[in-house]
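Shared between the two complexes below is chain A, which pairs with chain B and chain C, respectively.
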Partner chain A sequence: MVYFINDIITGALIGLLYALVAMGFVVIYRASKVFNFAQGELVIIGGFIVWFTTMQLGLSLWLSIPLSLVLAGLVGYLIERIFLTKLIGESVFSMVMVTVGLLILLRGVVLLLFGASVRPFPIIFPLKPLFLGDMLIPMNLLIGGIITIVAAVGLSWFFNRTRSGLRMTAVAEDHVVAASMGISVKGSIAFAWILGAILSTIGAMIFLSGKSLTFLASDIGFAALPVALFAGLESIGGLVLAGIIIGVIQSLTTNYLDPIIGGSLGSVVPYIIMLAILLIRPTGLFGWRTIERV
Partner chain B sequence: MTYLSKSGLGGLLAAGTLALATALPMKAQAETTYNLALLSDFSGPYADIMPILASSREVVFDWWNATSGKELGVKLNYKNYETRYDAAQVASLWPGIKSELAPIAVVGLGGPDVAALSERLPEDKIPMFMATAAYGFAWQPDSWIFNPRPTYAHEAAGFLAWMREQRGGDEPIKFAVLSSEASPAYVDMAKGLEVYTEEHPEAADLVEVIYTDVQPTDLTAQMRRVARSGAEAVIIQTNTSIVVAAKRGLQANGADIPIMMSSHNGLPASGKALGGLAQLEGDFEAYGMVIAADEDTEARQFYQTLVSDYGLKAPWNVVTAMGISQALYTVAVIEHAIEENGAEGLTGELVREALFAKPITSEETHGFLPSLTFTPEAPFPLKGLKVNVGTVKDGKITIAATGVDVPDLSKW
Partner chain C sequence: MDPSGIFPTSYRADRRLVRTRWQAVCLALFLVVMLAMPYLVSGRIIAVLNMMLISAVIAVGLQICTGYAGQINLGQAAFMGVGAYTASILASKTGLTFLLTIPLAGFAAALFGFLFGLTATRIKGFYLALTTLAAQFIFHFAVLNLPSSWLGGSNGVTVPAAEIFGLRFVTETQQFYMNLAVAAIMIAGAFGIIRSRFGRAFIAVRDDDVAAGIMGINVAATKANAFLIGAFYAGVGGALWAYMIRFVGVDQFTLFHSIFFVAMIIVGGMGSIVGALVGVFVIRTIQEVIATVGPNIADSVSFLGGDIVFAGMNVILGGVIALFMILEPKGVMHRWNILKSSYRIWPFPY
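Showing the complex of A and B:
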């Protein structure tokens, strides 16, 4: 029974990590209605920035982490300025296609700048797990879970209670209308990308702490996708619940069903949930229902 | 007159000797050229090791051209093709490679090459020589794709048999396998070991096959299960990221269970990804090829020759050994084909026939590979299979065992 509870807790924490990465999707979507297919690549970029400042420049973690977050924000800003700002007012589809191109471009840039070697990622969170009796909780996931909840509360408040947040929501509704109301569309979208890149970098630190850094890390972008769609692409608070639900189901499947069937159902089950929720409730659990008058 | 005749005869002989002397090098210079297509991955999952692997196999072709090839009047040209380790990319490139190069052999890299070309090569009558271990799904008769090493499952089975012998006792050795469904080749490794334990329950007990992502989020819970099951070894023949995650999972659980890796994700690569070889103290790598350890072996000496005389820049490690061994057995087969058929008119079909005609001795591959006897029954030698075992001792890679017998495995 102890192990069962332990598996639930670990699953919930992994789900919260997915939720943090999914937050990057949602922040960008809420500000621009653009679904960023390159979210996993932003995680890699963030990971490489942390690796570079820590392992290459030899900075202490206290210095390298804030510096990495600033640099990640700068990358997000540059992406928006170079690739997306000219598309303001164009169809959302064009912007989405740009993110598909970004996915390929960012991989190429990483290859060009850092090469393809597998690298040891710095140990940011203690490797020693937390022991609660017979239960064992990985420290990186535990701290990551707390960060996710704090980030979700903070961002929910920002988007729902502050003028800046509400302006970003207006931008997502319609670029032209928002601009005619005096809202800086460029500024809002740029801020969303900065925020998305910073969240991805925090996700990379939690995900990769003490492990290895390769291209494969971008797969977490896909793992976070079911959480974002399950929660609804506009709901930051909903991501926490969706992440926990998906993480727990995945953990129980991995630990109890996979050994019986001799396969990796655990890797597939989040996508099954995603498809089911899209069939039943296309806007996700907490997504906005829009009524369009024609 | 007699004097004149004698001097005339002498002159004729001298002229003949001169003509022969000039004609011989002329013949050597008028060499026959054949092409080899090298499939490479400079931008995909194996991009990190590709520059080393590519230079290691290329330098062997240069060495062969300068030595045996020169004597035989044959030059092997080669060209790399970027496949991104993607079967679709290989399949789309292949018609162009064939028309551009008309190769007598392909030097392959991994599973996607096998998946893309296994049906085409028999039609095109061009053999492909791999560096890796073989795959169970490709274990078919009359293959045109060949591996110098048996399947990954064979290699792991050889290691497990050796480990059991080292441990002593009659109990089967308990082990777990970490794999991934990301690639058919990864699944194949696990399936082969399942067959091994079914056929040899007295020797090995597979406690669990854990399928995970190629970059796992966390394996602490899975490793706890493995530790609780009493596993004595964890077999990971997939990639370094899984080795790193498994090691961290074992460390988190305080479990000291040795991990066995293969050549492509072996001790140097996984050690580097973990931040140092010391992290893998007591862990193993096992495969049917020389272990690139510090010991002075025949293979090491040949590597030194390639470095000093042919400008090889690659370090002495398992990837270099893989590239050199792959190229060495490829040129050995081509050399057999030339000896059998002459330098002119060599085709892929004749090269393949030469592979079956006579064994490739360990001497021919400078100790990089055991003696290989190919038959049409399988894409890899079925008899006399051996593996070598390397380990980390005091932070250095050392040879733990050589020439370990591989148990028989049925086809799966």
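Showing the complex of A and C:
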């Protein structure tokens, strides 16, 4: 029974980590109507920036973490300036394809810059897990979960209550209409990508803290996709709930169903959930009901 | 586009594929050169041509699905994988001839593609891209986790050589003729499909699905058909691939390969069969150049390490996709057509 509860708690915390990465998708979508397939690559880039500032430059964590976040924001801004500003008002297909192109372009660039070798990642959060009676909770995931919830509440308030947040929401509705209302579409998209890159870097810190940094880490970008869809692509607060549900289901499948069938169903269960959501309710739990079903 | 004043006077003339005498001459010359290729160039180039022919079949299928019917498909490599596995299992376990396994591989892939095409009847845009992405992951999972006596798991499957009347297709030249024949049939079929009733329905649905529905086209069936046909082509290509490499493993059919196929049709031009072929030629040539030049660069610039081929391929292809989307979303064929029509009607503007 204790193990069962422990599995649920760990699953929920991993789900919150997915939710944090998914927040990168949602923020970019909420402020620019671009669905970013290259989110996992942004996580990798964030990871490499953190690795570079701490391990290579030898800065202390108090200095390197803010510096990494600034650098990540700069990368997000550059990507937006080079690739996405030109596509304002173009079709969905162009936008999707550019981010798909970015997916392999960014991976290639990072490979060329850093090579494929496995690197130790700095220990950002304490390695010692938290003991609650017989239960064992990883510290990095616990702190990450708290960060996710704080970020979700903060960003949710920003996008739904403040004036500048609502402006960006208008951009997500329609580029041309927003521009004709005097809203800077360029500014909104730039802000979204800076924020998306920063959130990905925080996700990388939580995910990789004390582990090793390789290219496999970019898989978390695809693991976060089902969470973003389940919540509905426009809802930031909904991510927390969706993340917890998917994380718990995945954890229970991995721990109880996989030994029975002798495979790794746990790793594919989020995608099965994603397919089901797409078929039954493409808007997710809290998304805007604007999907055309023709 | 023809100059003003020149127009077909019968339906047959309007549907003609070869419109001028020059086109007929060029087509005949091209076919003759292709047939004579093994006598003109070395074995290394024949191997590259084999890759191009197989990619051409798959890219043409993607062109019908994405370019003509407008359904974004990021799972073409998974559909190809279904075909490759079907052909290799049939060939190695039942010993069927390749004359049967290749079409059966196509049908298996078409069934798989149709299942995901059904989702296209309900959702569109990048939501659809997500479902095809899920197809990619589910294929990967299924192969790795089904009992290894079925699909070989992570060890892959070894494929016997294609054989007919005691003639085994083992050398690259023999495989070249087999691939050329299949590719020619499939490409001719594609030209037939796109100027039939189905092809016109695809184009109508791509341009505006609401308007297409009002005109009496069954939009849902058309979208599902597009996936069915696209996946059939991928399956046939996958079977050819299995017979050429003689080994099938799950790593040959990843998301990256799907993106490579998308890059081919974007470079060549969306909505043009010839464009798909041009795209295949361009991308495969780039790939070949990088594979040849890459190791030399890696030797001279030591810090880059051994992954330069894969990395360089990613950088260039990703850059090419983004550049084409930003600068010329309609691809090379669009530019060529503009050039051609302005040459024809010169010195008049239209």
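Observations on the structure shown:
Here is the rule we go by: the second predicted complex is superposed on the first by the 290 of 294 C-alpha atoms of A that agree within 3 Å, B and C clash if a C-alpha of one lies under 4 Å from a C-alpha of the other, contacts with A are read in each partner's own complex, and residues count from 1 in each chain.
By definition in this document, a contact is a pair of C-beta atoms (placed from the backbone, for glycine too) under 8 Å apart; a residue touches a chain by one contact, two chains touch by 3 or more.
These figures come from a predicted structure and were not determined experimentally.
Applying the stated contact rule after C-alpha superposition, one finds that A:Val96 touches chain C and leaves chain B untouched. In the superposed model, A:Ser68 lies in contact with neither chain B nor chain C. Look at A:Leu111: by the touch rule set out above, it reaches both chain B and chain C. Of the two partner chains placed by superposition, A:Thr253 touches none, neither chain B nor chain C.
After overlaying the two complexes on the shared chain, residue contacts for A:Ser264 are found with chain B and with chain C alike.
Of the two partner chains placed by superposition, A:Thr148 touches none, neither chain B nor chain C.
In the superposed model, A:Thr201 makes contact with neither chain B nor chain C.
Once the two complexes are overlaid on the shared chain, A:Pro282 sits against chain C while remaining clear of chain B. Common to the chain B and chain C interfaces on chain A are residues 111, 115-117, 263-264, 267. On chain A, the positions that touch chain B within their shared complex are 3, 6-7, 10, 14, 17, 111, 115-120, 127-129, 136, 138, 140-141, 207, 210-212, 214-217, 219-220, 223, 251, 254-255, 258-259, 262-264, 266-267. In the complex of the two chains, the chain B residues touching chain A come out as 42-43, 45, 47-48, 50, 180-181, 194, 208-215, 217-218, 220-222, 224-225, 239-241, 244-245, 248, 251-253, 269, 272-275.
The touching residues of chain A, when paired with chain C in their complex, are 35, 37, 83, 86-87, 90, 92-98, 100-109, 111-112, 115-117, 222, 225, 229, 263-265, 267-268, 271-272, 274-275, 278-279, 282, 291-294.
Across the interface of their complex, chain A is touched by residues 70, 72, 74, 119, 122-127, 129-131, 133-134, 137-138, 141, 144-145, 209-210, 213, 219, 256, 259, 262-263, 266, 303-308, 310-322, 325-326, 329 of chain C.
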